[in-house]
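Attaching a single structure in structure tokens format; questions to follow.
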Amino acid sequence: MERMITCINCPVGCRMTVALSESGEVVSVTGNTCPRGAAYARQECTLPERMITAVIPVEGSPVPLSVKTSKPVPKSLIPEVMRELGHVHVSLPVSAGQVILGNVLETGSDIVATRNLR
Amino acid sequence: MNERFVNILIVGAGPAGLAAAISARENGITSILIVERENEPGGILRQCIHNGFGLHRFKEELTGPEYAQRDIDRVTELGIPVECSTMVLSVSPDLTVTCISSSKGFQVIHAKAVVLAMGCRERPRGALCTPGTRCAGIYSAGTAQRFVNLEGCMPGKRVVILGSGDIGLIMARRMTLQGAKVLACVEIMPYSSGLNRNIVQCLEDYDIPLYLSHTVTDIRGRERLEGVTVSAVDENRMPVPGTEIEFDCDTLLLSCGLIPENELTSAAGIAISPATSGAIVDETFCTGVPGIFACGNVLHVHDLVDYVSDESFKAGAAAAAYVRGGRTESSFIAVRDGDGVRGTVPQKIRAAADQPVSLMFRPAAVYRNSAAVVDWDGKEICRKKAMIFTPGEMALVTLKAEDLRGISGGTLTVRIERS
Amino acid sequence: MRSESDILIIGSGITGCAVARELSRYNASVIVLERESDVAEGATKANSGIVHAGYDAFPGTRKARYNILGASMYPALCKELGVPYRRNGALVIGFDEADRATIENLLARGKANGVRGLEILERDEALRLEPALSPDVLCALSVPESAIVSPYEMAFALADDAALNGVSFRFNEPVRDVSALPDGRYAVVTDAGSCVCRVLINCAGASGAEIHNRLSSERLEMVHRRGQYYLLDRADPQPFTRTVFQCPSVMGKGVLVTPTVHGNLLLGPTAEDIDDPLDTATTAGGLSEVLAKAFRTWPGLSVRSNITNFSGIRAHLTGDDFIVGPCDGCPGYFEAIGIESPGLSSAPAIGAELSGMVAAWLHLSRKEKTVPLPRRPKPFHDMTDEERARAVQADPSYGQIVCRCETVTEAEIRAAIRRPVGAYSIDAVKRRTRAGMGRCQGGFCMPRVAAIIAEETGLPLQEITKNGGASRLLSGTLSSFGKENADHE
């Protein structure tokens, strides 16, 4: 099996071909210009991860709170993380860096406020 | 009328204005004032809640509000006042600025130097001359971003995005994550002007199709938007009949480019470059009016805030030097756009320049394995190779002080030499 | 809702508003029914904004008579109501000998209609007056009495004045049926209820013929003629002081290039006959036609200055003249139909005459006192520094600039919302204050304007519309991925 991956490390945007075994292991990466590309392609084909940023409503504040994951979480969990955020209740005041939701979905990543809200 | 005197007045408390202020203070200037039209400092970063800022400057990935907060904290620490909800109404060549606010009324501020850092705005629908109805539901991507990220409101449920600039791509993901369905991103050019990373993480991650060489050719809906027609375009960017695709959508977001906001600049009699839509400046970011400096997106549109900060630190330092009277009279070397190059900043270099000078420009198209070359009156003085030059990414060539040695006039030409 | 009144006016365009204001001076109850959410929503908001001198209409027609009379009323009326008006003069330019013959005809017609100051200029003289004109111009008719006005601001002022003097305006009420009652009165059914009146006045613009045909056996045929426009940025250098027409044709006065009273430049209109009287879309074909024709007048034209495109629908009767007055066979029913160009120029005269006819028919007495329209403060944009300083001292909300492009303050936006006929949508505020009319087209100020409207009206932000009806700006509040339906519906 093969997967096409566009590298995001630099503007060149190499189109890489990743050959995968039947069990989903990376057999080879071609089309990359540098080792960063190959590493990215491997990661994308095994356990792609993303930072998530979002805004959530805050009781008593006309301005919503911007939040982020403290570290990347598995890409497949994005919808679930967003659903979790829909159930979070936050009240004023909030400081940047404050943990809004610890260890979201057991990922080891916290949901953290990225701004002050008073 | 309330009259005041300051050493340096900075117009705008976005990343450019904040950096200029910090730098001017660190270069020994007291009595600096920043005026900001919004009700808090931070500029457009306040609504850019996504991450990816600060990799060059802080070597870590921050969100927009986090990046802004670092500069705001530093400005507070240095005791530089920021007057918010204050709109500058005029800047005059004698360095007098008028502004108005509810709390302080109409003020006349006399400065020894002025730094313009007003940022930019988005191209609206009118600039595209897209036909159709004038219904609700058509927003610039930045307006939608403000609605979602700062007002907590959703502009719509079914979205088409015209233009694949980074704000449009970012909004495709934001709208999706916050519950809307993004049907398509449509780009008139054969390439996207957005970063690869945004194409992958904002469109591909959510299976949002990107239509290159396509544009919106009709807008339907009497009250709220009901749908748009998307057509392929030919090499002259003219719609090709028979290629129409219909989308039922209630929202159209426009991400079709940014324009430096230079109304105050023009009114001050400062010459504007047609290529950048920003002021014509020298390598110290001084405009045609001595003592008035410009930096950040009001000077030319940047892709990365890190470079805005970098440029603004230099502008702030130059303004500080100007106030201290450290500026010497000098002749100028002109800087001109050559083949494949658009909007080089600065447009002139003082012959007295004794620091390295970065020439920033936009490649006119995508060039692979090419070189940016700087010629002085036909003779090559500097060359920088790159695997790719693309219009979506500002390119930079740095001239060392010795490259300019012995040059006191004439013209530098920046061009791209294809392999 | 069921209501009764002495007089019911259908339509609040410039004509309906002019009639309503005149009738507000009499002891009578007056209701104005409007299908849209605001005054001036039809042709009044989307036309060239010219007070024509009156050289174009054929002598002896109602168009000629009302044009000349109406145009003569404008200067005093605009001064009284505080509406921007400028006598900037016009040129009708010709490119060849056929055009010269047309221009000579216009000169003769104008003289017969009593227009003063008309003269034919040769190429060099025309170019001296308007250096941006095409050097291909051969000759031009100079029309010093031609003027420009803000048509929708005129309608707003007329409506405010009428409302202050007792006229009741009802919006979002499209007329569904009209009938004569056995007692000689008329019944009008709208989406929101019905009204019974002694006198019915049809000022319904594009729907004028349709309403007429429900009451009268003499059928009228109306053509809906769309005109598309470009509006250019007022921050860019303005090449023309005069309105420049090309030679007219059977379809209308041709594509013009004109300054507006606010200093923008307007290009247009096209003239396309369309089926749907509400189809104000612009088209690729129409827009490129405007450009091509305007380019002929002004070779220096650049689309880069474009702020917006729009179109308006002219209500053209196949009889080619206005119909103004009582309708034969329908006692108590009056009408002003087919009020296309020079309708804006004619409106004050039509308002005066039609109201006189109605007053005579109903034997109305004049009110002893009228409430004068309060003077609106000068726009902040046009104030001197001293005036600005005083304004913000008196009212701190002058210190909040909401629209950066046009320098419109929060004070002015709140004042627009609180006018007698108030502004409750983004577009209604825009047309009264110019907030959102500039280069960024509301990109920055629209969210703020919406918030101010919400605050003033007590409505939630989600209910605020661009222009009434279902034109809501927002679909809801924040929701998260995967639960959109639960939150949205």
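Every chain is named by a letter (A, B and C) in the order it is written, and numbering of its residues begins at 1.
Just so we're on the same page, a residue touches a chain if its C-beta (ideal position, glycine included) is under 8 Å from a C-beta of that chain, and two chains touch if they have at least 3 such contacts.
Note that the structure is a prediction, hence the values are computed from the model and not measured.
J.: Which chain pair shares more contacting C-beta pairs: B-C, or A-C?
T.: B-C
J.: Would you identify the chain whose C-alpha centroid lies closest to the centroid of all protein C-alpha atoms displayed?
T.: Given all protein C-alpha atoms shown, the central chain works out to be B.
J.: Taking each chain's centre as the mean position of its Cα atoms, how many Å separate subunit A from subunit B?
T.: 27
J.: Return the distance between the CA-based centres of subunit B and subunit C, expressed in whole Å.
T.: 38
J.: Whole-Å distance, subunit A centre to subunit C centre, using C-alpha means?
T.: One centre to the other, that is 53 Å.
J.: Among all residues of subunit C, which ones touch two or more of the remaining chains?
T.: In subunit C, residues 477-483 touch at least two other chains, as defined above.
J.: Do you know which subunit B residues sit against two or more other chains?
T.: As it turns out, subunit B has residues touching two or more other chains at 148, 151-152, 177-178.
J.: Give me the residues of subunit A that touch two or more other chains.
T.: 54-55, 57, 64, 78, 82, in rising order.
J.: Enumerate the contact residues on subunit A facing subunit C in the complex.
T.: Answer in residue numbers: 54-57, 64, 78-80, 82-83, 85-86.
J.: Quick one: in the complex, what on subunit B touches subunit C?
T.: Per the stated touch rule, the residues are 1, 37, 85, 87, 89, 98, 100-106, 108, 121-122, 124-127, 129, 131-137, 139-140, 142-143, 146-148, 151-157, 176-181, 217-220, 222-224, 239, 250-251, 261, 263, 266.
J.: In the complex of these two chains, what residues of subunit C are touching subunit B?
T.: It comes out as residues 230-231, 235, 278, 280-284, 286-287, 303-304, 306-310, 385-386, 388-389, 392-393, 396-401, 404-405, 407, 439-444, 446-447, 451, 461-462, 465-484, 487-488.
J.: State the interface residues of subunit A toward subunit B in the complex, per the touch definition above.
T.: Going through subunit A, the ones touching subunit B are 6-8, 10-13, 33, 50-55, 57, 62-64, 66, 68, 75, 78, 82, 96, 114-116.
J.: Touching subunit A in the complex: which residues of subunit C?
T.: Checking each residue of subunit C against subunit A gives 477-483.
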